[in-house]
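You will see two complexes here that share subunit A, one where it goes with subunit B and one where it goes with subunit C.
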Partner chain A sequence: MKSKIGIAVVLLVVVVLALFLPNFGGRYYTQIFVQVLINIMLAASLRPSLLCGQLNIGHSAFMAIGAYASALLAKNLGLPFELSLLFGGALSAAVGLIMGYPSLRLRGVYFAMVTVSFVEVIRLIAQLWVSLTRGMSGLSGIPKPSLLGMVLTTKASQYYLALGLLVIILLILYRLEYSRLGLIWKSIGMADNLSQSLGINVANYKLLAFTLGCFFAGVAGAYYASFFRFLFPPEFSFLLSVNILVYNFVGGRGHFIGPIVGAAFLTLLVEPFRGSAYETIFFSIAMLLTILFLPGGLITLPGKLAGLWSGSTGSAPATSAAT
Partner chain B sequence: MALLEARNLTKYFGGLAAVNRVDITVNAGEIVGLIGPNGAGKTTCFNLLSGFLPPTAGSITFNGEALVGLKPHHIVKRGLVRTFQLTTLFLDMTVLTNVLLGLHLSSQRGFGRVLLSLRSFPREEITRTHEVLEFTGLAPYADELAKNLPHGRQRTLGIAMALAARPLLLLLDEPVTGMNLDESQQVMNLVKTIRDRGTTVLLVEHNMKAVMGTCERIVVLNFGEKLTEGTPSEVGSNRAVIEAYLGSGGEHA
Partner chain C sequence: MTFELFVQSAIIGLSIGAIYILMALGLTLMFGMMHIINFAHGAVYMLGAFVIYYFFHLWGIPYSLAFFIAMILLGLFGFGVERFIYRTVKGNIEPTLVALLALTTLLQAAGYPVFGPLDKNVPSVFRGNYIIFGTPISAERLMIIPVAAVLVVALYLFINKTKMGAAMRSIEQDKEAAALQGVNVNVVNAMAFAVGFSLAAAAGALIAPIFKLDPMMGEQPLLKAFIIIILGGLGSIPGAILGGLILGFIDSVVATAVGVELAFLLSFVFIILLLLFKPNGLFGYEV
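Let's turn to the complex of A and B:
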């Protein structure tokens, strides 16, 4: 009861904050907040894969596909933003389906290694196919986002577009996670051989989770392209993929809001070091601290604090069994 | 008529013949035991029958249909359901959800239906789940997380989930390991009731008392090969069987 009210209050604060953020500070801050929204899209869309127990470190590849595809469609063919966004997502999903199909039989580290190779392959293509992507000169002159033919020129309006997009993506992902489909994903993550023995086509459900994640990563990439209007292959490196994974771990994998909290928290915290070598160090430390002290992620922090508060008599700490 | 007929079943792991030219026949309505010392190839047989491993050679016919080449999820849908030797559960889900999953996954729902349906389960599935829980004595634990159950109940939950999948043939891999006398007696009674309700059972177990008291026919494996086959008293007095068990220092219960 009490916690429900607490959650409602927190939600309300988040919504009000999200709605008024562009009014604080200038363009610089709006840009940071947009970055937060994009990172939440990426982190949340990795979750289905993680639910199935797959260590997916390939997400930035599919963000890149969505970004380049939509940017080129909008720039060269003049496709409206909505369409280029959907095409970007669809192409990512299609490539994800093709690349995912043969690799989903692999497990654990082997799967992770293959997904890392996706990142390198896609980045190399973006780098070497100069006639299409401009390679290392970077792709510039990408049209601004538009809605129903109306170009969104101000950074604030583009922020609201990202917010709307994020809300839609989160609603879809939430709905799926708490459906039978989500339950099946979780069952596969907990014991895939048992799921199989009960009649689940494990490969299909894993592929669906993976492809769905690719679609939304592509959508996030498409929005990214239209907002920053410049694409540069190294931006979509392996490190970005690792960061997306770290958002999920640091935020917490036990609940839908984990990646949202993780992405928001880390993006804001790391902002002063962005692009420098410290960024990587920072992420490593965040990951290490989480594994050591908060294995359930930030979302378990309130519960732990409440536990410390009420149970200061020194009851044994809850030992959460390793999954 | 034979419900399950495996002929010349063979599985090599590298140079090791874990299962070597084994014939197993299970008739509808029987409780058949599959015994043998550690490493004899019992679990491997289960993995072959349930499609978790492809056989190196041999054929498997179940209910008139060839199984070799089918994936585990196809085989479950045909009514052959297995449990695991190591306790394998959805540990972070409730007992109820575990059984619901067992039931749901085998029900003839397509991919598309799964995509569209919410988590709320249809009434008939909930009813059936409660029946299974009642039947297996797990009803009082329905809302517990599977990981919080005592070991014996966890083993029983594994059987309950398999039952929920409505098997024609149930393969039980060491259902009473680690149970005390009382618990194992209960589970063995449960196995008999399962059979009386129309499910055929093939059972791997080291607990000789349990096997002898429950099975009508016993197949003995040793080093991947079939040593002998017969009624409990025939097998129990067979010299080769006794030697196989003594030779390996195996447990006599």
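Let's turn to the complex of A and C:
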């Protein structure tokens, strides 16, 4: 009961903060908060794959597909934002389906290696298909996001759009994770042989989790394109994919809230170093320390501290791997 | 494509393939025993090249000696990674992989402040050209092939003829049974890390006089090594060698014909098709 009140208070604070953030600081801060929201979308959309025990290290590639597809549709064909967003996500999901089908039938490591190579493939295509993507000159002049025909010109209104989008994505992912489907994913993550023996079509459920993640990564990419209005192939590198994984692991994989905490915490923490080598150094050290000393991620930290405080050795409730 | 150009690119392909094979052998050895993919392999290759830059180019130690120093130093680093990362999260493949990823990005990013932002060059060691079938091939590219061949044979003898090699093969077959027979699994795993790391260091040390050195230089060979071991089948040493030769050929002959980037895209498409029809690779087994 006490913890429920605590959760409600934390949620309330987060909601109020999220709603009033653009009022604090100027455009620069709004931009950082939008970056936080985008990173949460990416991190949360990787979670279904991780639940099935699939290490997807290619998420930035799917973000890139969504970003380029929606940007080109909006810019060249004048498609409204909502449609180009959906098309971006759908194309990303379709590519994920084509790539996931052969590689997901195998053990996780094959899949991990294929996804790593895939990042490079997408980056090269974005770089080489100059007539479509402008290659290394970067794609600029992407239309601003719009809603029901109204163009959102201020950064604050675009922030609220991202917030709305994030809430929708999180609600969908939450409902799925706490449904029968989520249970199946978790059972595959714990023991895929056993799940198969119970009549679960493991390959199809893995493919579903992966494709769903690709769809939302594409949507996040589409929003990214319309907010920053500039796309540059090296942005969607292997490093970004690793960061998305890092958000999940540092935040904690034991609970739905994990990637949200991880993405928000790390994005804000490394903001002063953004663009320099120290950003990655910082990230990597945070990652190594978490894996070695706090395997459950940041979300288990309050429980551990409370355990230390009361002198008991009881571990946090959310430590177990895939609950 | 003329005959001369073909011969030249085929021999260069063989030398590139030899580098890929050295990378892939360590990866496949470690996978066979521990079922992990060492994502840090590219960073180790980069460090091997930088050991040559410091010891040979800056401090004037003979190249052959610097080559062994690179292998030994990074072999020791492999022991350390096994002890402090692999053993700490043992039993969990996923966190191990992510920790190795983090180690990779850490080493790459730390390379910029440590080595400086500019690309480095190491002067050539073997000067001059050899004329083969009427086409000149640079000596330093040609030298890669015998050195790599010696290392491959040495690895083969180590795995098949020594007691440590037998212990490695026993762990590959069944870890628990090996432990029951008195094999110290931790020590043998550490040895596999060391061997894999020093092979990657050797690959980096061989390439140092030929390519520019920068902290990200290991990424491309790592991706190529991934494609090779998927092609050859995870855990298979003959598969890694054959896969390395095929990819070296694609990288050189096909790249000369259609361009480097397109050659990479083609090899990726090839891998996806291979996984569709022969999911365990050319020599792979069910894992």
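Here is the rule we go by: the second predicted complex is superposed on the first by the 311 of 323 C-alpha atoms of A that agree within 3 Å, B and C clash if a C-alpha of one lies under 4 Å from a C-alpha of the other, contacts with A are read in each partner's own complex, and residues count from 1 in each chain.
By definition in this document, contacts are C-beta pairs under 8 Å (C-beta built on N, C-alpha and C of every residue); 3 or more make two chains touch, one makes a residue touch a chain.
Keep in mind it's a predicted model, so treat the numbers as computed, not measured.
Colleague: Fit or clash for subunit B plus subunit C once both are placed on subunit A?
Modeller: Subunit B/subunit C on subunit A - fit side by side.
Colleague: When the two structures are overlaid on chain A, which partner does A:Y178 contact: first (subunit B), second (subunit C), both, or neither?
Modeller: first
Colleague: In the superposed arrangement, which partner chain does A:L198 touch: subunit B (first), subunit C (second), both, or neither?
Modeller: The first partner, subunit B, only.
Colleague: Of the two partner chains, subunit B (first) and subunit C (second), which one does A:I260 touch, if any: first, second, both, or neither?
Modeller: Neither: A:I260 stays clear of subunit B and subunit C.
Colleague: Compare subunit B and subunit C by how many residues of subunit A each one touches, and report the one with more.
Modeller: Partner touching more subunit A residues in the overlay: C.
Colleague: In the superposed arrangement, which partner chain does A:L128 touch: subunit B (first), subunit C (second), both, or neither?
Modeller: A:L128 sits against subunit C, while subunit B stays out of touch.
Colleague: Between subunit B (first) and subunit C (second), which does A:Y110 come into contact with in this model arrangement: first, second, both, or neither?
Modeller: second
Colleague: In the superposed arrangement, does A:P102 touch subunit B (first), subunit C (second), both or neither?
Modeller: Only subunit C is touched by A:P102; subunit B is not.
Colleague: Using centres of C-alpha atoms, tell me the angle at subunit A that subunit B and subunit C span after the overlay, to the nearest 10°.
Modeller: About 70 degrees between subunit B and subunit C, seen from subunit A.
Colleague: Of the two partner chains, subunit B (first) and subunit C (second), which one does A:S187 touch, if any: first, second, both, or neither?
Modeller: The first partner, subunit B, only.
Colleague: Nearest approach of subunit B to subunit C by C-alpha atoms in the superposition, in Å, rounded to an integer.
Modeller: Distance of closest C-alpha approach: 8 Å.
Colleague: Write out the stretch or stretches of subunit A touching subunit C in their complex.
Modeller: Those residues of subunit A that touch subunit C are 53, 55, 57, 99, 101-103, 105-110, 112-114, 116-118, 120-121, 124-125, 127-128, 238-239, 242, 245-246, 249, 277-281, 283-285, 287-288, 291-292, 295.
Colleague: Residues of subunit A touching subunit B in their complex?
Modeller: 178-184, 186-187, 190-191, 193-202, 204, 321, 323
Colleague: Note which residues of subunit C are touching subunit A in the complex, please.
Modeller: Per the stated touch rule, the residues are 31, 35-37, 39, 84-85, 88-89, 92-95, 97-99, 101-103, 105-106, 108-110, 112-113, 219, 223, 226-227, 229-230, 234, 261-262, 264-265, 268, 271-273, 275-276, 279-280, 287.
Colleague: Would you pull the subunit B residues touching subunit A in the complex into a rising list?
Modeller: Interface residues on the subunit B side: 50, 52, 71-73, 76-77, 81-84, 88-93, 97, 101-102, 104-106, 111, 114-115, 117-119, 147, 161-162, 165.
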